[in-house]
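Each of the next two complexes has chain A plus one more chain, namely chain B in the first and chain C in the second.
Right after this comes the complex of A and B.
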């Protein structure tokens, strides 16, 4: 999927390939978090193989529709270098209180002239290995994160530059968890963009 | 028909038949002697073959009856005998054998039977041969037709070939013409070249001569100039010399004069000296004369030279002109050179074209062969001889294709519409299934609630019965219960009394109450100060949170977006809807329970519905409608009254002041006088700030004097209007009695 977009001649990713990799990673992370944190019932997920790992992807039509709608926008904005971070918030449905926030901070590497790099220098295998490690850590986070014992749902907040606009997107107040505890997970880099993953949760 | 064409064994059926006949005869020959002349018959025409067949059939029909060999008959009918001699021979032999051997009569009879069968077979075969020959004939006719077609095709081909040959000839002629043209042009080119060479040579010679002449003239000029300069220098030298001499002479003369004066002074009147002096004076005079003469000659020579200067200038100008001419000729030479190069280029081009001619011929041949191939293909595909027919067929095919494409498009559209309808139907079916599911759920709930209701009713009945039982028991007990009730009432009344007493005491002690209120207010104040402090703390906390958020990356240049159709909002919306629905349901069920408790058992659902719709009863609706009608009527009447008042007011103004006042959309007042001569004579006023201002109009320019006087000077609009009225009235020739009839009152 993403490997197809990577340049085969040199085996180094381009900006487009990097964006594809990040968006794919985000999609799998989102589904994995929803599955691991029990936001939606277990039977609404199907196991699939990606990066040599068994990932659980949601088969609920509303989730699929949601991801299908947001991912192209994310791709476009990532290519334009407009996204600063993606925050996946798990909230209580009744009180709308955020209980858990998964942050994916994206830092684009720039050329000396201040433009986004168009060609990476890292082999695709190494990038995939790094992504695999991050996904493994996300799965392992269940061990220390507190149990979500209420009806939860999720929302995605995209921290972008001021001039970003997209159809169907609206401004929102940034979420913050009171008495939050933040844990940094592993990062990965496509040598064009770096992705740092954090999880913050309400400490009891 | 040619016999040779017949002898060709091209028909498969006939050869097979022949082979069969041959085999049959071979069998017969094995059995007995065979007359092979029959075979020769098959090469005879079909009619004769039929005739012989008929004859042989007639002959053979009699053969078994005669059972003898008649040589005379055989001789008389040699032809028929020839055809069936092999049979007769066989019969004769068998007959002689029967004569010789009477014991073999049966065998002969069998033999005869066999013979007759075989003869029948022969007849059949002959018929088959005839049929084959007929087929052969038909094939021959077909072949003739094909030959004819072939010849026709050959003719058409030959005509086409002739046509193409003609074309090729014309093209060759053209090529020849081109060759000739080319030759002619090359000749011309050579001639022009030669002419150009000649011209070039001539030009070169001329140029050389001109350059020589030029150089000569220039040399001459230079020489002349040098000469002139030398002469001028010499003359100048002479002049200087002469001047110097003149000066010298003057000096000498002065010296002589001085000496003379000295001598005159020294020698008192020496007569010799005077003579010497006179002599010397004479000498001086002579010398002066000579000097004058020299001067005159020198000046004359100089004048002559000066007179020659214009001539020399003329010569110089002429030489300049000649020089210019030579330059122009040199430029012309360049032009000619360019022309020559252009001609050479054209020659090259012609040569290239000549070289390309064989290629073109080859291409022409190729194209001709292509054309032939196309034509043959067109003939094969469309059975069309001419290009127009092929075009027509191709157009037909295109039209058909377009039609088919159109049909496909229509079908696709239909398919899409069907798919859409299918999808909508599916959605509807799904929606219906969902509705049915919800309905089933609701029914289940209703059933459960009904069951609960029954249980509750049973409980109620049970409690009622218990209550009744208790009351019965109480009534049975009697006295002590009533006493207890009375004591309870007394206690309550005492409590109330105490409360009243407290109130009265409170009223007596007002300062105390004031103090209490002050303390209360103080407490409230303290509480409020605490709250303020708390709020300050929360503000601080929020500020710190904001700082933390900013440090996390929510900077001023960051925008936080989320997808409006996100799962959290959707789930919240759904849950809220569910809650509201459940609340409604709960309310209705409560109402139902209430009604059931009130003793209602029938039409419970309708009653519940009515209860919910009480907010908009029909009576209330009627009331509201009546109110609306009355308010509308009121509005209408107010409008009518206003209109009447307005028209009366305007009429009054019109009749009193003589101006019809109209108000347009822009808020301008249009004043038309009663005495105005046309409808275009009107004045317009507009509110600017606090006061009215006259707007510019064509009519206003006709009454400039009034405007100047009353508006500009007196600054009064009423005076201006009155003056205008008077002016217009004075202009009117009719008397004032006509005024009311002329007047058209405004509506």
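Right after this comes the complex of A and C.
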């Protein structure tokens, strides 16, 4: 792999940095969605500053434990280029029916030889700006998404390539919403991986 | 019959492809559209080919119908709703494969038995589908070691406030009389229903300027006379902001083209046009002869209106549309709020421009910040209100540089004003309640809720004596509320002075 000059390597992300950015973005999105959509009580979140935004992070120990355990797996798989998409579904606790799905499709930019790029070509500042815009849009989605008028919980599904191994993970049926209406939000690119965000919900 | 054709004509497999496709397409039209499973069962081996074709055509139509957002530098924050092909209908309603027209066309050009028509077959897509990775090989994984927590059964979604139009906060009975209906209702036809504009202002000389699409009207609040001040030119041009100078003798008008015009009220003529912004000017603020303008591009310009080269400074802070700009009473600070949910505070002095770097950046709002007002009796106190997703008024202390208090209003905040006499805050609201609310400061108790507007309130202006407010709603009405009338029995001396129209000098002496 052709690494850039010293100057470039300072300013541009590497594959590792790109993965970190995406996992961070995912973590903040997950918490933000849980807060903004009112899945958990407002009091169980604390405001934190990140990307120059106020993000609400859950302080429930169960959620922290969950994210702490899954994020390293996601990091590993992203580095290996195994993940195709992450689906965060908000489901009715009683009927288990998915009411809203947040999809993060991840597309790795491959070199001509079909490998994952190791070195990006985009300054960190630009990437963070793009991420900030997506996070703002996630917040703004509340204005058109229908109210989740029942006790809800979330479920996370990772769509991966066939040869993915991970301890503690099991195969499940993919969730889908009947009569879904899908809205695409902004995308961002680390110049190594692209993340496209979608939200789909039951159209009434 | 599909099987038959494939068994018997193995040599001409490509030919069959198109015929098979045709046959099953015809069949689909006959069978009930919901009954896809039986059709798939019958066509067995060609099913996969056919399905792949169907998939490819369907996914193409998805791709074209839901175009990817092209990101411009000042596109809206709220994602645009694009209607997918499945809106309101079950997936199976959409008949797969080609439309009826294509089939009929194919039948007509069926010529030689050995040279098949391939017009209905998208070979490129089929090839792509057959050679690209089989999606069924993917795994869908879920982490099963840690149980995902559930909220308690009795928990009620806090977002419900957005969807239920009833206001839940208890009103505190007021010690004074506040009329709960509007004193006057004026028609404002063609008022633009845009939250990010500022189309209403009330001058110290008791004129109300209101912009209705292309025209600016002046309403004399004392006599009730209405006159048209100007009409802007250009097909897709419209007025995006109006703002009187502090003494009320000039009016600055921001346009969709990015120009700012300066008008003399007395002579009713245009004094100058100041270009500069690349996008519409949604908000204006005066600091003596310095006019600050905020644009959709996120830039704030300072114009010195006395000199030919009017553009004296630009402030780069916001990344999205600036929708509020207010100078503090002593002109020490300029506060700006934007669609990027940020509040910036810039340090300045009277009649001067501000520094280029913000003194404070507040990012606690969860939506665009439009309502904004400096406290008249505490110079370092700023109140800002957030949009639909935020619904709160936040109070900021400039000395501490942090939020000191928050009022949950349960509605989108579109305008805020302070009243010195009663030490109250009045705020106008949009979705979902469309009301005006009056809050006691600093107890945050709700004093009154004024209803009347049928749709969201977009703009709010306060009279020079702080006795009344005017609200402009998306229901194309202007409503005048006499909600801060002075009590004639109380504080007679002050009240008498307050009712007189103030001179510009008085206004200046009040800013202390």
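In this section, the second predicted complex is superposed on the first by the 195 of 204 C-alpha atoms of A that agree within 3 Å, B and C clash if a C-alpha of one lies under 4 Å from a C-alpha of the other, contacts with A are read in each partner's own complex, and residues count from 1 in each chain.
By definition in this document, contacts are C-beta pairs under 8 Å (C-beta built on N, C-alpha and C of every residue); 3 or more make two chains touch, one makes a residue touch a chain.
As the structure is a prediction and not an experimental result, all values here were calculated from the model.
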Clash or fit (per the criteria above) of chain B with chain C on chain A: clash
Touching partner for A:37 - first (chain B), second (chain C), both, neither: second
Touched partner set for A:140, first chain B, second chain C, both or neither: second
Contacts of A:149 with chain B and chain C, given as first, second, both or neither: second
First (chain B), second (chain C), both or neither touched by A:69: both
Partner chain in contact with A:96 - chain B first, chain C second, else both or neither: first
Touch count on chain A, higher of chain B and chain C: C
Contacts of A:158 with chain B and chain C, given as first, second, both or neither: both
Touching partner for A:105 - first (chain B), second (chain C), both, neither: first
Chain B versus chain C as contact partner of A:179, first or second or both or neither: second
Clash-bearing segment of chain C, relative to chain B, as chosen among 95-103, 131-139 or 329-337: 131-139
Overlap of chain C and chain B interfaces on chain A (superposed complexes): 62-63, 66, 69-70, 84, 93, 151, 153-162, 164, 166, 168-174
Interface residues, chain A side, partner chain B - complex: 62-63, 66, 69-70, 84-85, 89, 91, 93-94, 96, 105, 151, 153-162, 164, 166, 168-174, 176
Of chain B, residues touching chain A in the complex: 545, 548-549, 553-554, 557-572, 575
Chain C contact footprint on chain A (complex, rising order): 36-42, 47, 49, 52-54, 60, 62-63, 65-66, 69-70, 73, 84, 93, 129, 132-133, 136-137, 139-144, 147-149, 151-162, 164, 166-174, 178-187, 203
Chain C to chain A touching residues, read off their complex: 66, 68-69, 71, 77-84, 86-90, 137-153, 155, 157-160, 162-163, 319, 340-342, 361, 363-367, 388-389
